[in-house]
Each structure stands twice: as C-alpha cells, then as structure tokens.
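Dropping the structures in below, format is structure tokens.
The two complexes that follow have chain A in common; it is paired with chain B in the first and with chain C in the second.
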Partner chain A sequence: MADKLLKPKELIDRIGYQPPQTDWMDTPIDIRKGMYCYASNPKSVANLGFPNARPWNPTEPDWKLPENWQQIIHDGFKERLERFRSFKVFMDICVRCGACADKCHYFIGTGDPKNMPVLRAELLRSVYRNDFTRMGKLLGKANGARPLTLDVLKEWWYYLFQCSECRRCSLFCPYGIDTAEITMMGRELLNLVGLNIDWIATPVSNCYMNGNHLGIQPHAFKDMLDFFVDDIEERTGVRVKPEYMKKGADILFITPSGDVFADPGTYTAMGYLMLFHYLKEKYGLEVTWSTYASEGGNFGFFTSHETMKRLNAKMYAEAKRLGVKWILGGECGHMWRVINQYMDTMNGPADFLDVPVNPITGTRFEQARSTKMVHIVEFTADLIRNRKLDLTPARNDYLKVTYHDSCNPSRGMGFFDEPRYVIQNVCNHFYDMPASTIREQTFCCGSGAGLNAGENMELRMSGGMPRANAVKHVRDAHGVNMLACICAIDRAALPALMDYWLPGVQVAGTHELVANALNLPGQNDRATNLRGDDLEELKAQAEGETDE
Partner chain B sequence: MNKKYMVSFIAVFGLFLIAWAGVSIGLQWVFGVIIPYLAVLVFATGFVRRVLGWSRSAVPFAIPTTGGQAKSFPWIRHARFDCPDSRFDLWVRMALEILTFRSLFRNTRMKLSGGKLSYQLEIFLWVGALAFHYAFLTVILRHTRFFTEPVPWCVQLLENVDSFFRLEIIYPQFQFGLPAVYLSGIVLLAAVVYLALRRIVIPSVRYISLASDFFPLLLIFGIAFTGIMMRYVTKIDINAAKQLTMGLVTFHPTVPAGIGAIFYIHLFFVSVLLAYFPYSKLMHLAGVFLSPTRNMLASTRSYRHVNPWNYPVKVHTYEEYEEEFREKMVEAGLPVDKPLEASAEAAEKE
Partner chain C sequence: MAEALVSLIHKKRSAIIAKWFDSTVHAYAPDTAAFLKSQQDQFANPVGSSTRKGIETLLDQLMGDMNGEAIAASLDPIMRIRAVQSLSPAQATAFIFALKQVLRDMFDKQLQDPGMARQFFEFAARIDRVCLAAFEIYVGCREQVFELKANEMRNRTFRAFKRAGLVAEPAGEEPQD
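Right, the complex of A and B next:
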C-alpha cells in the first residue's frame, strides 16, 4: 500500500475542486484502494452479537447482504427518526447554502464533491425524501429523492467511512446541522446489515472482552506498564510504582490503551506514571489503574449508540467496584466527547462517586460535578496554577511547540485554554497555528472516528493535509518542531502525517512534555528526555537549525 | 443549461400562466378567495404538523456544538455565548443565531494555491442571507397594512423608515408624484437575484443545488417582481385590492371588480409559496429553533441530561472478566475479587 501512495506534491497537484460534469446522483462510485478500510473480521462481528457476520469484500460486487436489507434499513431509519430529533430535523432543514462545503478536511484534501458535508448528508437525505416525505414521493428526483439501491448503499458505506465525525462543518452551519450526527446514524444503519470496517469492529470486540481496544490481557497490560517503569527509572533514576485495581484508592485513572501500546503515546503514559508518583510521594494521593477498565477510548461511538454504551459502562462500574472517590481521564479526543456528552446520560447517574475535589489544591471541579470525571489536563492545570508541581521547563527548551486541538474536545467539550495553559507552563517556546485552523475551527488529524487504518493511507494523508499545512506555517515562521496534542488517535495518526508532509516535526502528548519538565524527588541529573535522547545534543541540534 | 433551474423556472412560469389565464376567464373568486384560503389552511396545518412531528422525536443526548471555551476554572475565560452554561447564555446564543446568523458569519473561503491553504473571510453569503431575510420580513410586516383597518401606527412608522425616496409635485395645474420607493422591496429582489446567481455561478454550490433550491427563489422573485410592478409600473386599484384582502381576513370575502390581473398573479404566487412552505426546506424557519447542536446547554458534565428511551444493554461485567483471566491475573500479582482456591472450590462443587 505504502509504496503506491502518491508523493505529497502529486497528491496536492491532483486536487481539483471542479465538480464532475454529471450530476452527483448519476455519478457512480469508484471504491478506490487507499481510500477505504477493510471489511470487518466476522469473528469480531459475531463476538459482539452484531447482525450478518460473514466475510465480505467491498471491492466485490456481492456484499452478501441479508435478503431483506432494504426493509431493515428502512425500519432502522424510521426508528432513528423517532429516537433522535437531531436526525429528523437535520434531514428536513438543510437549505444547501454551501457554507459547510469547504470546511471538511476530506473535501479540502481530496476535492471529491461527495466529501462536502452537505452532499455526504444528501446521500442519506435523498433516501429520506423518497421514503418518508410527501414531496419526495410526489416529485421524485426533481425534489432530490431517490430509492435506496445497492449502489446507493455502497455509496453510504464508502463516504460515511470518509467522515471523521469532527463536527467542523456543524460549527459553520447556520442551523447547526451536524454531519457527525448524520454519519453516526448512517453507520448504525450500515451495521444493521453487517457493513462495518475491521479497524472499528475488532477494537470494539477486543474492548468488550478484554477491557481495551488492543485486546491486551490483564497480565500483559501490567507487563507493558512495567516496561515504562523500567524506562522511567533508566531516564530519571526514580522507580515509580503504579497501583492496579486498588480498592479504596482516591482516584481511578482511565486512559486510551493506545498510550500503553505505541510510540509516542507510550511517553505520554510514562508522563502519567511520573505525575502520579510525584503526587503520591509529595502529597499522598493514591491513583489506581484498572485492567478491566483499561480503555478510555470508545470505538463503540463509531459503531452505534448502543455499542458506545456497552463499552462505556465499564468506567462507572469499575469505579463503583473499587470504591474510589472519582475518576480521572487521560488524554484522548473522542473519549472526552463520550464522557462529556453521553456517559452520564447513558450510564449515570454516578451518585456513588463524590463531586471531584483535588485534595492537594482543594479545588472543586464544579465543571464535572455530575459526571464525576476530570480531564487530566485540567487536573494538571489546577496543580500548576496552585504551584503544586516542581517544574523545570528549560528541559523542553530544545522544543518549539505548537498545539493541535483535537476535534472532539474542541467542538464537543470546549476544552481550549486548559491544555494551552499547561503547555505554556512546561515549555518556554509555544506558537499557536493560524486562528482558522485551531480551537473551535481546528482541523482533524485525518484519521479520526476509526479511520486510522493502514490500508486507507491516501485518505488519511489527504484528510490530514489542512492540519499539516497549518503546522507547516508555524514551522516555517517559528521553526516549530513539536506538535503537542491531547488525543491518543492523534498520537498514532499525526506522526505518519508529519512524516508524509513535514518530516522532522515530532508529535507528543501534553503529559510527555509535563513529565519532561517535572522534577521527581530523588531524581538523577535528567540528562535525557523521556525518549532517552540526550538533552545537550538536542539543544545543540536545535540551535544549529535556528542558525541555518 | 442546467436542468434543475430550468425545471424550476418552467414551474414558476407555468404558475404565472395559470393565474393569468384563470383571471382572464373570470376565475377571480378562485384566485382571489378560494386558493388563498386553501393555501393558508395548508400552510397552518402543515407547519404545525411538521413542528409537532419534530417535537415528538426524542432528544436523547445533549449534543451542543461547543464553539468556544467551556466554563472551567474561575481563572479561565468562559466563552459564554459559544458554549452556554446557563439559560441566559443559551438564550443569547439562540438569539444571535436566529437574528444575526452568527454561525454563517464565521464563514470562510478556503483557497489552495501553490500547495498552501489559506482561509479568507467570506462575508457575502452572510450579507446576502441577512439582507434577504430582513427585507422579506419588512415586506411582510408592511403588508399588514392590507389586513388591518385602521393601519396600526407601527406599520406606518415602518413604511416611513422603509421608504427612502419620495417625489411629489402638487400644483393646482400640474400634479406629478412618484410613490415612495420601498427599500425592502428592492433589497429583497436584489438579494434573491444574488442567492440565485451564486447557485448558478459557484460550481460547488451549483453541484449541490436541487430543483427545490431554485424553485422557492424563483417563486419569491416572482412575488417581489409582481409586487414592485404593481406599485411602480402597472398600477392597480389599491383600494379595491384592500377591499379584497380585508374581506379575506374578516371572513366576508368579496371580489371587487377592476383589480388588475397582476394582483391575482401576485396573490397566487404567495399562495403557492405558503402551501409549499411546510413541505420544503423553507421549514428551516422553524427548525433552527429545534436544532439540538444549538439549543442545548453545554453544561453536560455538570448537569445530567435524561434520555427518555434509555434501555439496559448487554455488558461484559468485571465478574465475567475476572472469571476468564483470574489465573493470569493472580500470576501477574494483580488483585482479584475471588482468590484462586475459592473459585476452584466453587467450581468443584458445581
């Protein structure tokens, strides 16, 4: 796959924003390699009790659908219109003003008109008009209605898995029409007839059975954290001791499993471990990890509301079992949309937990008084604000940092200033990207909502192009060499994106930067960063680059 | 030639012919009374049914789009109206959305040149939309003059504000006068033309436009055009027209003779728009109030939203998990709820 990927320049030159001659309804889809993710493993589908588990291949004409698939979709559509006012209103009120058209990173990066949010929604809306509206039945195609044929269904599948549910379009829509909502409904419908992708279904199945997306079993999870313990000792001279499923601990900590699995997320996980160690040594705060609730992320969110609820249930259940006071959540994007906008409604009320209070600073986290779950970045921001951390930001001086707002904490939570506050307190060189590419207008990494697979690299690199372009702007203007984020998918996706568009720019979770600056009691001279690179060398290298 | 706007153009032209022909063969009662009554009936019932239909659908989750910093620590500035935490903030957000099209005001235009993306403020759609809606509103309010007797002072005031040009020369021997030119009518016509042109000229907008996007624009163009014609060019007997409209609202319909055909065409266009309204995208008028991404509080972590159809789901419990992994967990030194021996004994008993 990778060898076939176009060169960055070829990719950019190929983008044309001129729509094709034929009307979009008459333009057949071309399921192109590099743009789609593989069909799900039937084992995972069966494991979850989802319908129509069977091997199938999107490039083959026969998708092995159930006999009555049209009826299933029609009934599912109807049910969702009744269950979700959002869906019903969004089906009815779009005026196709086009304000959303050039807001989607996939449209910007591919030029494919069906990646304009309005057309992505029209794929469903056209069927809605045909099946559920009088005008559509009466006027048919003249009113933008069309029956659900196999080709239309294939189009749904292809384009609903080219949407990362980032909600950027919904910010600009005068009626707040949210394509994420439409994509979620569409994916639910597709799941009803067994059309899912493996990069989502298998993590969901793993998470359901083993507690995390990667399917790491409990003993292996501990092994992986033990590796970090060794690494931390090697780099700082301090041996940290994480707690597991400790009953009566103050806080249960849950973070995406991606951070225990792959670089550079692992350094973020090391950062958490160091912070917790520091807080325990200095202030006696007890934080526990759990292998049962070892996943902060929730790929169920990319499957269906029900699946989201099934996976999310573990958080409160485990907190209750362990008898902790409240829950602390790690750096993750969609995880925080789930926690912020769904968890309490789905699996709450969490009346067995306390309103979160940081015993060290006395701060009561009023903003989380119902969900009882605090974001680690706001937790750290509060510690810094109250001068409870011993920091040497100079250790990050070789870095020129910019910050990527993840879609979900941005447009699903409004979480902007906390991470900036933390980064600016642990790094001396911070530069924001241009205003139309950050905060509520931030661009997706291009791989969100379960699209972070290997086989759809062209889609990911295209979708990430606007983000990379903005990073390039600050790299050229300020010499930025580090892209900080608070999302595990970002930590997995952005390194590949940077390697493709901007080799040399590295990616780090915010708590890696915190930990690099954090002084642990009894530490060594801290000559290296958490990645084991020599700080003097890095500094000399950075200065050399600036001189050029 | 684009089929979609031609279809709409032909439809509107057809409507024009129907009204014209109808009036020429003496169907004044049909076009002046029956159709307007039917149209209002269809509009009212259709509108209410549509809104009731929406309100019958549940709002299971609070899913506001957060457009700014959420309420956090006291030392972090809260973007109150973009991420509302209180009823008041929410009201302001909705008011800004509905009255000033705030989200559309954010609009930017992306440009890719030399491999570099840039985003410029794109204000024209916002200006055009705002001009269109406010001009239309003013025109509608002005028209209450035809349905009230005496005309309320506020309508007269609005007319005075709206009219920007008045020329009257009155001598006993020589009288010349132009009626005041209403700004709203001109702006409405201009805005409709702009909105229709951008659908034709901008390739991506042309691509997404349906016939049902052109139809209301052309119909409104027809309404504004016939209205302006009546006022400034082919003048009609305004008193007779008012007699008819007053008859409609007082439920004593009369059809005075001598109102020009253009009046009936105007009225027919309006009737068609009213009847079409509830079954079309024009319902965004009501829908914008019900959009869950805008009309919900963003305080989702501090207040629990209740899902009316929340149902229990199948979960993989800790007990099941420990059952599967107990041995490995114990071996790795992880705590378990049931020790190995106990669980083995329990298994033996079974």
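Right, the complex of A and C next:
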C-alpha cells in the first residue's frame, strides 16, 4: 500500500512490477505496515524489569538501542549456545535441503522468501557462523556468514515476529530441527536489547501484576463470570454457582482469560460453568476458579524461558495454597506446550499434587502423572466415554462442524482424537478437513505466538490463508458452517479470518458445543443456544441453505 | 468480436495460460515464484493453485461473453490474497496487463496483419476492463482489512464496557414506520 501521497513523477519512477532479484543477504529489509506489531509499551517493559524500556518506533531509523547492543547480543548468543545444547545443534546441522521451505503458512501466504523456515533460521545462523565458527570467520560471506549490523538486527525483529512458533516446519525436517526453538532463542536475544512487541509485553506485564493477560482485576473477573451466570439462567433456566478460590476443592480450573472477556470465547466459558454445575449436581465434584491464577495462557513463552517460568509458577502456587488434588486446564493452545514440554523442568515436578484421577469415572490420567494438569477436552472425553453426561446432540443439528487442530496441543502433545471424539458425541454433523491440513500437519491460525494484534491484520490474513483454504474445501463440499477449536487465540483470531476468507462460517470453542448439547437437571425447554439464537429459526435457516 | 484472434488464442490456450501464469507469479521473489509454479497440491500451494484456476477462467471469459459474475468470481481469490501481501496496488494488478504482452509475443507475426491488429485492440480493451474489475476487488479487500482492524478494536473494548454496564443505551422507544 502507498504509505504517503506521491508526486506523479515519484509515482511513475517507483512502479516496478517485480521484486528485487538479489540474493537474500543482499535484499534489504522493507518494514511494511500490516506485517508487524507495534513496539512494546515502555511501562510494561519496566514493570517486568526488562532492559531498555523506552518508547520506540520500528518505522523510524533510530531504534534507541543501548550503545553496546552488539556486545549484548553476542554475549547472550554465547550464553545460550552453552546453556541449550539443542540450540547449538540446530545452529550447526542444517544442510539446507529445503524440506521445510514451503511448509510454513507465513511463507505460503505472504510469498516472502524470508518466511521460509530455513531462511528465518539462517538470519541467526549467518551471525552464528560469523561470531562463533572458524570457517565463518575465515570465509565470511562465502560460508554464509555475516556480521550483526543494525539492518540484520532489524531483519531479526521483523521476521522473528512473523513466526508463530507453530512447528509445522519441524515436522518435515529430516534432522528434526525445531525452528520454533530458534525463533524463541532469537526473541530472547531481541529482548536483551529491548526489542519486543506490545501485544506480548503488555499481556505479560498484566499477567505478572494482575494474574492474567488482559489485566482483569479480581472483582472484574468475578463480575464477568456473574454475567455468564445470568446469561446461562436466561437461556437454560438453571442458575449455576461457580466457586472462587475454594480451599479443599477437588480441582482447580484455569483457563485463558480470553475466554472470560472476548467473544466467542465467552460462550466457551459459559460451557465450562455449565459442565461444572452438572458434575457438582450429579456427582458432587467440586471445581474451583481462581482470580489469582486466572490465566491459562503464558505469553512469557513468547518472551524468554525465565519469563515463561515466572508466569507458569502461579498456577502451582495457587494449587498448593488451595490444597486441591490436581489442576484442570481450559481450552488453550500454547498453555499445553508450556505444560507438556517445559513445566516439569521449570517449576516441577508438582509433588504436592495427586496424579490426576477423574473421581467420577476412576480414570487415571497417566499422561499427566508428572505435570498434574489435565486438558478439559481429555476430561470431557473421558466423561462421555463412560456415559456420565446426559447429552442431546440434536440441539446442534443446525451446525455442520469441522475442527481446527491448534498447533500446540496437536504437535506439542499429540492431541488429535479426543477433541474429535467429543465433538462427534455432541454434534451429529462433523466433517474433517483434508489430511494434509489437520492433526500433526495442521495449519496455524496465522496469529499464534503473540501475533494476534489488530495492526498486523495483513500478516494474519495471509498467514491464515492455508487454514482458510482448507475450511473452504469442507464448506464447499459439505456446507460446513462452524469451525470448532480448543484454543483461546484461535477463538480470538479465526472469526476475523473467516470474515475475510469465508464469510458465514462461525467459530466456537468445543465446550460451547458440549454445553449446548448438555442437559442440566431442572432446565427449561432450551429453545435457544448459548448465544441466545432461536434453535428453530437456526434449523429452518440451515435446512433452507441445504435445499438451495 | 475478434473471432479470428479468439480462434488463434483458443488453439494455443494452454501455452498462453502457462506463459500468463509465469508472468503472474513473477510479482514474487524468484524462490517464491519457483514454488508457486512447481507445487501442484491445492492445499500445499493455495496461492499458486487459485491463481492458476483464476486465470484459466479469466482467459475463457475474455474469449467468451465477459460475464461479470464469472470474472469477479475468478478474480476474487487472486486479488484477495494479493491485497494482504506486501505488494503495491500496481504490483497486485499488473498481471492482468501482462496478458497483452504474452499475446503480442506469441502472435507477433499474425499481428502484422492490420485486420488482426484491430482485433487485438478490441481484445486489449477487454483486458483493460478486467483490470479495472481487479482493481475494484483489490480496493474492496483493502477496505475490508481496515474494517476488520476497526471492528476488532471496537469489539474488544465496547463489548466489555457494555457487559460491565458502562454503556448507556439511548432512552425511548424505537420509531415506528
């Protein structure tokens, strides 16, 4: 897009139909509006005690870096190579076979070669060779080495925040190089000189100060849940009673705060409330919420290992304080990568908690033996499998549902069948997208790893395009009108993606669908869904569309 | 309409599409263009596949009855992706004009004939119309992106305020028609 009004002569001179044909190292960085997120608010950076808190603007030449920034990055790089064996191996072993090159949704969607995972990693590797390998020092550019200049640093910032750490590329790497871990290291290094984005730094600061990314204070958190209680009563005739910080409850429930504040996640939160009410009425299970540990997500994960550890710690601190048996986690994506891959060596093992057992079914969740945290979809799948829920899937008959595997639960914990099992038990019409776009090969929503801001909408729409393209396939073939997911970022990001690519396809958390099918003791005739839409009308509308 | 030229184009349809597709993907960097051309799977390469499909129908429409809906339907997927990539408006729409060059190169000899040249001008005018349609779709998509940005911002704040009872609705009854 034209960023300023140009004179006719300037306009004609600048028109070129083709991009530069230069080698990637010689192609200068062009920071485009819509592709980057705003720089972090200095107050948030200061709150967290991170270095170089100051206002700065990526489109200005001066990024207000500390004078010795090159030394800081060099030292940080060295320290991480020594600390993380995986990082050192990933820097050394790539043979540039190209298997990953066309697997990234950002490359496929933006068409920018620097979004090929191999090139994104090369941004760091070129500096690694220059600073830390003999061949790189001797041969320089001929060996793919280059010094860390200001332009190179800017390129790091621009492209490391065009990676959603989804790990689709690593699935295809014959060496198993985890490019997401390279991005994570790169972001850590950028943070050392105060280069972050506000969509990450401010949620991290909020979470650190108030317990959740949105900065919702305890009373407001409770207020929001109270609104849901009213809405549930209006729609089902049943008044549910959530527990807060109840000492000695069976289970502590922690979900992303997005579910509490942002539609359509709010309907998923209503779904949790209804499920817990049902389980309490029927089986006496006590689940408690916490306004302190009120964030399941962990944007620290997109910042640095230390920050991730800091934010993760409160879940366990709260579980210990309340004396619950184990922790149930809500529908979240990256939360599960933190729990499954990092928690145990960061803040674990959580010896003071029990190995999670579902007291209603007796199922022992062996996979959570060490972390003591169970995903709510695993929990619900177990309840359904043991016929513990009273369900009327026909209430969802106006829906034709497909399921978006969130990157982190699918590739980070091998979580494929439980969500499908739950959806197929609460909805009668389910259609999977093509095999190369789901399960471990799932395409990212285009907004993960802290990139679901508004200002980078072009990046989100182009990066989400491969996902939307697969949804289009099932919409055209089967009339799919609902995209279900188990991640709060998906619930925030996918509605805009659908509006742009496939207007009319809605987005829902899986527990919204569960709750619409769930029969509560003493309920009314359930004439509407949780969104307050009349079921008869929706059904007539859906039948009309099928007739066409 | 330019019948002789159309029948020439018809005979060389697949060669023209291949060349047109080539120049279309050259709006991207060489590595990207190579990928867009080589990967045939529509899910692994949605941009290449919808672009190829789009220009095929466009060529047929240019040779046929120029149905507005069909033209918009084939342009939309191409322009929708170009509107969110780092392309200038000129780069995003230039591929339509590229068809003129493809035809000129391919039928250089035939176009020496004045009658055929006249037909080419007629055909080129159709290409111009398609380009204008493409530009309309491009701008529509850009507007939609801005709307999405604005709506996300509004929904995030306004709805929370409303739920918290901080928004006052106008008093009184709705006007009757």
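Some points to look at:
Here, the second predicted complex is superposed on the first by the 528 of 548 C-alpha atoms of A that agree within 3 Å, B and C clash if a C-alpha of one lies under 4 Å from a C-alpha of the other, contacts with A are read in each partner's own complex, and residues count from 1 in each chain.
Going forward, a residue touches a chain if its C-beta (ideal position, glycine included) is under 8 Å from a C-beta of that chain, and two chains touch if they have at least 3 such contacts.
Quantities reported herein were computed from a predicted structural model and do not represent experimental measurements.
For the composite obtained by overlaying on chain A, chain B and chain C cannot both be accommodated without a clash. In the superposition on chain A, A:466 makes contact with both chain B and chain C.
In the superposed model, A:21 makes contact with chain C only, not with chain B.
In the superposition on chain A, A:345 contacts chain B only, with no contact to chain C. Legend: residue contacts after superposition of the two complexes on their common chain; A:500 is shown touching chain C, with no touch to chain B. By the touch criterion defined above, A:102 reaches both chain B and chain C. Set side by side, chain B and chain C differ in how many residues of chain A they touch, and the one touching more is B. Of the two partner chains placed by superposition, only chain C is touched by A:263; chain B is not. By the document's definition of touching, neither partner reaches A:140: not chain B, not chain C.
Contacts of A:215 after superposition: neither chain B nor chain C is touched. By the touch criterion defined above, A:412 lies against chain B but remains apart from chain C after alignment on the C-alpha atoms of chain A.
Note: residues 15, 17-19, 101-102, 108, 113, 116, 223, 434, 436-437, 465-466, 469-470, 473 of chain A belong to the chain B contact set and to the chain C contact set alike, using the contact criterion stated above.
Residues 1-2, 14-21, 27, 30, 32, 34-35, 101-102, 107-113, 116, 220, 223-224, 227, 261-263, 434, 436-437, 454-455, 457-459, 461-462, 465-466, 469-470, 473, 496, 499-501 of chain A touch chain C in their complex. Put simply, chain A touches chain B in their complex at residues 9, 12, 15, 17-19, 24, 49, 81-90, 92-99, 101-103, 108, 113, 116, 118-119, 122, 133-135, 139, 142-144, 167, 170-178, 181, 208-211, 217-219, 222-223, 244-247, 291-292, 305-306, 309-310, 313-314, 317-318, 321, 339-342, 344-346, 348-349, 363, 366-371, 373, 378, 381-382, 385, 410-418, 421, 434, 436-437, 439-441, 465-466, 469-470, 472-473. Every residue of chain B that touches chain A in the complex is listed here, in rising order: 7, 50, 53-73, 75-77, 79, 82-83, 97, 101, 103-104, 106-110, 112, 115-117, 119, 125, 129, 202-213, 279-281, 283-284, 287-288, 290-294, 298, 300-307, 309-310, 313-318, 321-322, 324-325, 328-329, 331-335.
Looking at the complex, you find that chain C touches chain A at residues 26-32, 35-36, 39, 41-47, 50, 80-81, 84-86, 88-91, 94, 98, 141-142, 144-145, 148-149, 151-153, 155-156, 159-160, 163-164.
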